[in-house]
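Look for chain A in each of the two complexes below; its partner is chain B in the first and chain C in the second.
For the complex of A and B:
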């Protein structure tokens, strides 16, 4: 139960949504964009978030787009993880998304919501990083398209009133070999100790990680090391560890040392399978 | 037997699966007021000041109550707990204020506005810390508190209760031993995680009658304690319970009812409802007990156990309530199902800054079994013996005595040896050593045995009323609460069997109302089929006598010549002479209209003979009538690189005495096994050094999910308990008791390190194995 009242808006266009946000913000309504709503609902009932107005993006057709064309695929930010998984549009994203929460929650959780989560995991970002996706972002000054690596630096760098509209992914990535592995503390469902997603192209395999550090990341430097097939697997993993962008995380799910071990074992298995 | 021993579907199933069944919190009434709690964010702190004005002035708020609202101290064994914290909080999540408002949202909003200034105090985060000479004393007034007669406290310390269970001569016993092992185990509190969170609704009528609707396993205990706490007449406290959505012992404590009573009293007796959020059900309401234990086992070279010395330090939490009773129950069976001549057990229940414990399926026995069974495994290791052999050699048998010095026979003790034999076959125990599947995967098995005697008040009562309907069918009424165990269906089977009618013709009343339902002490301790079963059979016999009496008149036959069958009374020697129940159960009407008799009402009650509390100095006494036993095994596959593992198979062989409802029995045991696996592999509270609980939601407090279940194999042997209805031994708790120990046994074998802590997270195993150094 959410112990405060708030107004609910469901705009039909991007412009209307942005205008609403600005107006409500000026009126001191603490507006929030609403997509799946799972995180807002969760934090609101725990008294950790407050708003007097939510702006539901699911009524905007662009946010709900789902298309595969010759050049690129379009994934609307308000598609649910279940919809993406079941559509088989981008199997890697479907697989990584299906490790998040449980099916009932994934019927609500959206792609845009997950990658903008307040939590550190944002696992749906991993396939988008690996596929060099572009992002369409809407704001006061209209919509802009930019590479994901530019927008996602540890978290989504969105200006006030901006929201994600779509991801554009080159269609050539759609059916590339991939893996998506999630290791949890114990349960079949829950936050990750680590999640690793990989995508293999002609130029080698790409790796992205969630749970390992305080933010999800893809590192080309680490990819270069892990693709050095002439080096033994153990050596590559050791070198990769030296290039991590931040210290390994220590929390309720795993200490840093144990998390390192799980990461190493996961990479060992992944590399062995890829090179078998 | 035609009905007992058959799989009869639970009578409430259709209501439940269609959503038609209602639970305490389901009822929505326009005039009802809603309560919400403000709780402590500290595990131990002094309340410096409390400002409720903002909450008081919030929209819709009728009252805000704080510790000043009542000076009454509550608690079952020791009355040490203020209803709302007074001056001081002793656990994270302790209620400090309750807000009453027109809507639930308004109550919650206002509860968030209660301003409390705390001064943090040093925290006692474990039994070991509680017993440290410099530990802060959590209850300075321990000496003054009102206590049960068998509770021995040590004022000036954090020891809420101390009990010894002593048999033989421990010094001499140890001196005779050729091998001695010592093993310590440790685990913290955890949650019941019942699907339905706790709730209570209270209304105080103008004439002072108090109506309480509560999601309780113990509505009669609520009546008793509410009357005692507030000086009310028991007959004017009317407690009602509908279905309860899972309880597992956690709903036998009285916690929300006094809070909501104060809340209702503050608003002129209007009806007030309080429903725990999931977070508060985990942090504020009572939980499963934690334990630190040391077990010393001594044996001969060939594995005959001669002496057992045990020290228990139970994590009694911030308030005692039931924890010393749980500890006592554990101590009373502390040797496990093994024959031990020389025993010394010291059992302490200590105060800590953790949420206080409630009963939990097994009532201390899962905890004590983990301690003793891990010790038995350690002894087998040291002796170089097959752990199954060691258990078989020492299995307790008729002619032995219990730790509480009760003589055992084949009725009051189940047949452990037969259970062990069957478990050996089912688990393929001849290959009990670790199997290497590939470079880094092993398969391993673990076993453990259990026993349990149920403890209850020595004068605990159970009653049943049978009311006939005009069509000859029967209504069964008992104070047993339907928690999801199917007990009331089993009682209907017993009545149908005895009254020679179809079980479909025995209608069960699910709602318990202390105003007109015969008392069943508490729906705990696996006592429903035993106690209420005995009462039901007595009620059936009473009804049967009445049916025969009136039939004798109508049929002009000697009552001794009459028998029941197929819902009729007939002459044994000439079954053509007969009369259906429907013609006599509402009186008999002669052709000319003259009538005799009346509605037949069968009455039955039960009280267990010869129960007596334990002598706290020696442990001598008798807490319950029968020790039920079984043997369990768990098989796992482990990745020895990161110690992650998968539970492949779990096996339980229980002595059921007599299986009353095979599918029901299977479900009870399998469900309990799943709970044991979940507890041992997933569940445990994660406290910071300051005693702040971190995993307060089901996102972070992880339980076994449906898809994580292994293959379950459940079998029963039947060696009857002569006191029990149809010889049936209890089952409700027994599937759980030694599962954590069996899992730890398998995990230890797979990892090659003795695991003595719970839960068995892969990282925990890695720490034990590699010392966490990589």
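For the complex of A and C:
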């Protein structure tokens, strides 16, 4: 049971959602946008989040869009991870998303909800970073389109009242070779010690990581090193470690040393397979 | 607020707080206690129902989100092939997790009647059985799939 009351709104348009948010915020209702809502529901039950109004985005058609066109794919922020997986629209995203939580939970968890999660993992962001996606963001001054690398800097940099509407991905990335590896401490379900996603293009392989540091990331500097085929794999991984954007995470799931080991072994395996 | 829900083929009404979870409304307001509260955190799957034919953890869904959708609980299945298979394969011990497993398996059999072992395993990973009847549960689901029997009504 959620131990406090809130009102529920289900706007049908982007403009209505933003206007609602601003009005409710002015009234001091601490509004929250609700997509899948799984994280809000669980945090609310534990009194770790508070709101007096939730604005459900699933009634907005643009947030539920799913399309492949000649130039780009459109992925609505309120699509569930199961819908994306089953659509096979972007196999790398489908595969990475299918490692999050469990199948039934993925019938509720949405793409937008996962990448805006308060948790550190946000694994669905990895394919979107690798594919240089654009994001459509709606806010009080209208909708804007910007590269994901600009919007996602350790977390989504959204202004008050803004929400994610869609991701736009160049269709040429759709069927590129990819890998998605999730290493957990135990069992088939759970948070990752590390998740690694890769996407291979004409100019080399791209790498993105979750669980290694306190935020998911893609680093072009690390990619340059890992693509230096003239260097031994172990040396590339050692140099890559020197360029991590933050210290390796240490928590009850895994110490930093263990995470480092898992990351190294996973990269060794991936590079060996990719270069075989 | 007054909420109307389509549950097990009936339109039911309830006075609820918008913050009520579907799990609590089904149990407390509609008396459908076959929906079992477990972890209340989306981990155990004991509270699984189907919503528009998809398995859904009712502890992760607001009741108001289920308006205009069809909800089915274990009470809505009556001698379904999955239920019979669970009995025939002894796919439970204490039985607390069983409604959740059955609703998940029922949806699987309806949506993916030719599901392979990997798919069955992936779907069953959504539920936890503390008595560890996993082998028997998987056997029951595979028995239903291999029998080719149609599942009972699916209200979506």
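Just so we're on the same page, the second predicted complex is superposed on the first by the 276 of 276 C-alpha atoms of A that agree within 3 Å, B and C clash if a C-alpha of one lies under 4 Å from a C-alpha of the other, contacts with A are read in each partner's own complex, and residues count from 1 in each chain.
Definition applied: contacts are C-beta pairs under 8 Å (C-beta built on N, C-alpha and C of every residue); 3 or more make two chains touch, one makes a residue touch a chain.
Fair warning: this is a prediction, and the values are worked out from it, not measured in the lab.
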item	value
First, second, both or neither for A:183, with chain B first and chain C second	first
Touched partner set for A:117, first chain B, second chain C, both or neither	neither
Touching partner for A:2 - first (chain B), second (chain C), both, neither	both
Which of chain B and chain C A:35 touches, first, second, both or neither	neither
Touching partner for A:77 - first (chain B), second (chain C), both, neither	neither
Contacts of A:56 with chain B and chain C, given as first, second, both or neither	second
Which of chain B and chain C A:254 touches, first, second, both or neither	first
Common interface positions of chain A, toward chain B and toward chain C	1-2, 4-5, 45, 188-189
Touch list for chain B against partner chain A, complex	104-106, 108-109, 112, 277, 279, 639, 641-642, 644, 681-682, 686, 694-695, 699-700, 702-705, 707-708, 759, 761-763, 766-767, 772-774
Sites on chain C touched by chain A in the complex	17-21, 24, 40-42, 45, 48, 54-57, 59-62, 64-65, 104, 122-123, 125-127
Contacting residues of chain A [partner chain C, same complex]	1-2, 4-8, 36-38, 41-42, 44-45, 54, 56, 58, 82, 98, 101-105, 107-108, 188-189
Residue numbers on chain A that touch chain B, as the complex places them	1-5, 45-47, 183, 185-191, 252, 254-255, 257-258, 260-262, 265
